[in-house]
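Labels run A, B, C and D following the written order; every chain starts at residue 1.
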Amino acid sequence: MIRANDKLRKKLYIIIFRSDTKAGKSFDVLLLILILLSILSVFLESVGSVRERYYHIIHILEWVFTFLFTIEYLLRIYASHKPLRYIFSFYGIVDLIAFMPTYLSLFFIGTQYLIVVRAFRLLRVFRILKLTRFLYEGNILKSALRASLYKIVMFLSSVITLVTIIGTLMYIIEGEKSGFTSIPMSIYWAIVTITTVGYGDISPQSPLGQILASILMVIGYGIIAVPTGIVSVEMSKATEAAKTKCPNCYAGLHNEKDRFCSNCGHQMKK
Amino acid sequence: MIRANDKLRKKLYIIIFRSDTKAGKSFDVLLLILILLSILSVFLESVGSVRERYYHIIHILEWVFTFLFTIEYLLRIYASHKPLRYIFSFYGIVDLIAFMPTYLSLFFIGTQYLIVVRAFRLLRVFRILKLTRFLYEGNILKSALRASLYKIVMFLSSVITLVTIIGTLMYIIEGEKSGFTSIPMSIYWAIVTITTVGYGDISPQSPLGQILASILMVIGYGIIAVPTGIVSVEMSKATEAAKTKCPNCYAGLHNEKDRFCSNCGHQMKK
Amino acid sequence: MIRANDKLRKKLYIIIFRSDTKAGKSFDVLLLILILLSILSVFLESVGSVRERYYHIIHILEWVFTFLFTIEYLLRIYASHKPLRYIFSFYGIVDLIAFMPTYLSLFFIGTQYLIVVRAFRLLRVFRILKLTRFLYEGNILKSALRASLYKIVMFLSSVITLVTIIGTLMYIIEGEKSGFTSIPMSIYWAIVTITTVGYGDISPQSPLGQILASILMVIGYGIIAVPTGIVSVEMSKATEAAKTKCPNCYAGLHNEKDRFCSNCGHQMKK
Amino acid sequence: MIRANDKLRKKLYIIIFRSDTKAGKSFDVLLLILILLSILSVFLESVGSVRERYYHIIHILEWVFTFLFTIEYLLRIYASHKPLRYIFSFYGIVDLIAFMPTYLSLFFIGTQYLIVVRAFRLLRVFRILKLTRFLYEGNILKSALRASLYKIVMFLSSVITLVTIIGTLMYIIEGEKSGFTSIPMSIYWAIVTITTVGYGDISPQSPLGQILASILMVIGYGIIAVPTGIVSVEMSKATEAAKTKCPNCYAGLHNEKDRFCSNCGHQMKK
């Protein structure tokens, strides 16, 4: 015997948490627009000239977004089978963070620092992307990155060592006159250089410093090939491996000849 | 019974639209030179010192180009089997845009804004490239990019999220004194940094800001491997797949052993 | 008959030089923390404001680190079977360099230059990484880089030639007014440009110089593909080759079907 | 009947043009040092402070290098079987250019412009590299680049079109106040940005301009994957194809099982 309450809860669950019905998809699109608008509002609030002129409109909008997100949050708790599990899940916390700062700003002064927290609303976008083909591609990316983790850590620790040693050398060679005021500052410069960012706020002035900088640049330019090579190889493997996975449920491996996924019944071939 | 009119039309069609005859090739080369010259003229007109000195020459040249492009456009309409289909095709519109701005400048003031439209003449260059081997290579590129679309969108949305969060953090850490005047400005800085462009018009001043910037740079430097890996893998697949396509008509797949294309008769093997 | 002395030596050897016991691992982690702290102290010492305020604390810390590294060094000599071989090995010298500068600073003035030597302590970190899976991945990287050495030298010598010729041309075109004060300076600029670092401390002012710079940039942007391509291919081969090597002892090649390494008995497959 | 003259000529030929004897290798190393020293002298001459102080030493050195290169050139003509063929070959002209400018500077004023010609001596270095394993690797690189030529031209023409259109848009949006003084200048800025060089001498000031710039940067950052993907694929193919070529004479393809090269007798396998 299923009561009306349970029926409503089930219906809500399908609309809010899933996206395989028309209502579910509409809810997702609406939520996506709402999230993006609320982030846009946060961005505009930070622009001095906009804040001064439209302070009241932004203030009201912020409370509207907060109100809507609060309702959504409560509905999510109501609809989920295990409310506590939802509340303490990654997305549960992200959902809470989306509206809490506005309430907190009533009690505390220093709303400026709460802006940064509100910008985390952007993470909610991934909740919606989660339910599409992106997850499949994301999985390939993730498994390729995980497989190359050791090589990349090895590579990064070599880069950090190189940057530290060359940064220290530049501190001795160039000194405080050229802006290399301390070893951490020189390491910062070395990172700016080896990654080919090159702000130009600090740059070597002495011939010896310029020679060392040139060597660092060429190394940085050359070794970018290493992580690329690593990821290319792993990506190639991961793509190969993903071929035999069901693109719907991603569970286990399937035989290449199977026409339907044995786990969820998704039709993989015609 | 083919009338002289139809004969002329057919002859014109072969010269203007195709490039497999000597006359057709000559027409293409002539048109290519004309397009490049007309763009060069637009560029020079925008240079203040040149505009002042050679105003009259550039003005006359512009009308010569407009006149020639108008004639070409009318001939294209006359020669094509289905004039309306040509007029509303992509290249038909590009062809129209190539000469319309000059006529419009007679009626409207503010020719400066029409320059930008005239620069679109450059797109006409692709019409000529279209008829060569480039299309074949272009197709491989296109199919590789299309196949990696989902992965690249996934990758770009991660980059945008990262850039937004770090940009917001920098707005809090560095503040308006260092040039991080608003969140959008800080995000702009984060994009300039993660893509390793590094203008240096805004750069972090505080130690904490420099540490965060260093992290962002290393991430940017490292993750450039991801799109490269994606495209490499797809490019490899697309090249493999293209092997069995006819390089002349690009229609369907052919058996590797076929010596002639079954669609256009192009000899693929000797 | 093994004397107590020999037993202690053996025990120490296992703790200090190896990391397959619990005590050995704890020692490694402790040493890693100590090394990183000592480097942090060197970095902070170089920051003017920190040095002035906390001079005494940093001074004391430096002697504590030196004392601990000295004890460790002596224990290593005592524990190793062939002390001389350890002393003159790469890590033996790095270990010595880690504490010598502080003693030397008692006799010599100019400690500033000894800072750079102290920063080499960072190399000690690799000693600890050496005993983990990183060596395996490091070997793949190394063999890929060694295999592509000739191609990379070829590539780099082409880049150096290009940079020299364009640098010299820019010296003639731009001259001393734009900051291109000498050929070496112009070559420095060309390296800054081709590696896409782009400080902006020197930049072309004349139209001809800007055209040449644009060409250099596009070349630099395009040819970054070459080392990447080289390393990708070699990395792919090296990964393939490493598959049949024992991940424990890395000695020789093994048959893919072998379940145990014939050299060290490591179980490769279940 | 071989005369003494012919014997000497043959001996000279082996020493000067080849490097498979001890004398030939010594000659190559000596010449390499001489070339690098002469280029170093050209570089130092361009540095104002060095030129003023050491004018006489540099002047004398320049004549010493010129004298030695002249002798070498005459010996090369004497030793070669077909002197005219050598004189008009690529390296023959490079060899002539290496010493001619100094003689010309006696008759003409404006030696500054002859410096640039002297720097072309660097090309002679390739003559020496030519006779080693580098040629083999260079061939793989060359064939990979040739195979990807069409794709790269296609890619570059898309980049140029993009840069032209965005450059023109920026000229309208930003205008002369932000430094975008003309369309060519704006295109120069767009190239500086899309290649991620980012000098920062010109940078967008308006929000709209910064948005457009951000898009350009992300595109530039993303599409660097395209040439890399192209070259990686071709490099992989070229490496595969080169396997069956003799590494000594590079002539034709050989059967993988052949133990000796059928052309030059080089032992390929044991």
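Everything that follows uses one rule, which is that contacts are C-beta pairs under 8 Å (C-beta built on N, C-alpha and C of every residue); 3 or more make two chains touch, one makes a residue touch a chain.
Composition by chain, UniProt nomenclature: A, B, C, D = Voltage-gated potassium channel.
Note that the coordinates shown come from a computational prediction; the quantities given were computed from them, not determined experimentally.
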| item | value |
| --- | --- |
| Lowest number of touching-chain links that must be crossed from chain A to chain C | 1 |
| Chain pair with the higher count of C-beta pairs in contact (B-D, B-C) | B-D |
| Per Cα centroids, the chain farthest from chain A | D |
| Copy pair chain A, chain B: interface residue numbering same or different (half cut) | different |
| Centre-of-Cα separation between chain D and chain B, whole angstrom | 30 |
| Chain B and chain C, separation of their C-alpha mean positions in angstrom | 43 |
| Multi-chain contact residues (two or more partners), chain C | 184-185, 196-200, 220, 224, 228, 230, 232, 236 |
| Chain-level touch network, classified as line, ring, star, complete or other | complete |
| Interfacial residue positions of chain C with respect to chain A in the complex | 39, 42-43, 46-48, 112-113, 115-116, 119-120, 122-123, 125-126, 129, 133-134, 136-138, 140-141, 144-145, 152, 156, 159, 184-185, 188, 191-192, 194-201, 220, 224, 227-228, 230-232, 234-236, 239 |
| Chain C contact footprint on chain A (complex, rising order) | 150-151, 153-155, 157, 161, 164-165, 168-169, 171-172, 176, 181-185, 187, 193, 196-200, 203, 207, 210, 213-214, 217-218, 220-222, 224-226, 228-230, 232-233, 236 |
| Chain B residues touching chain C - in the complex, by the definition given at the top | 196-200, 228, 232 |
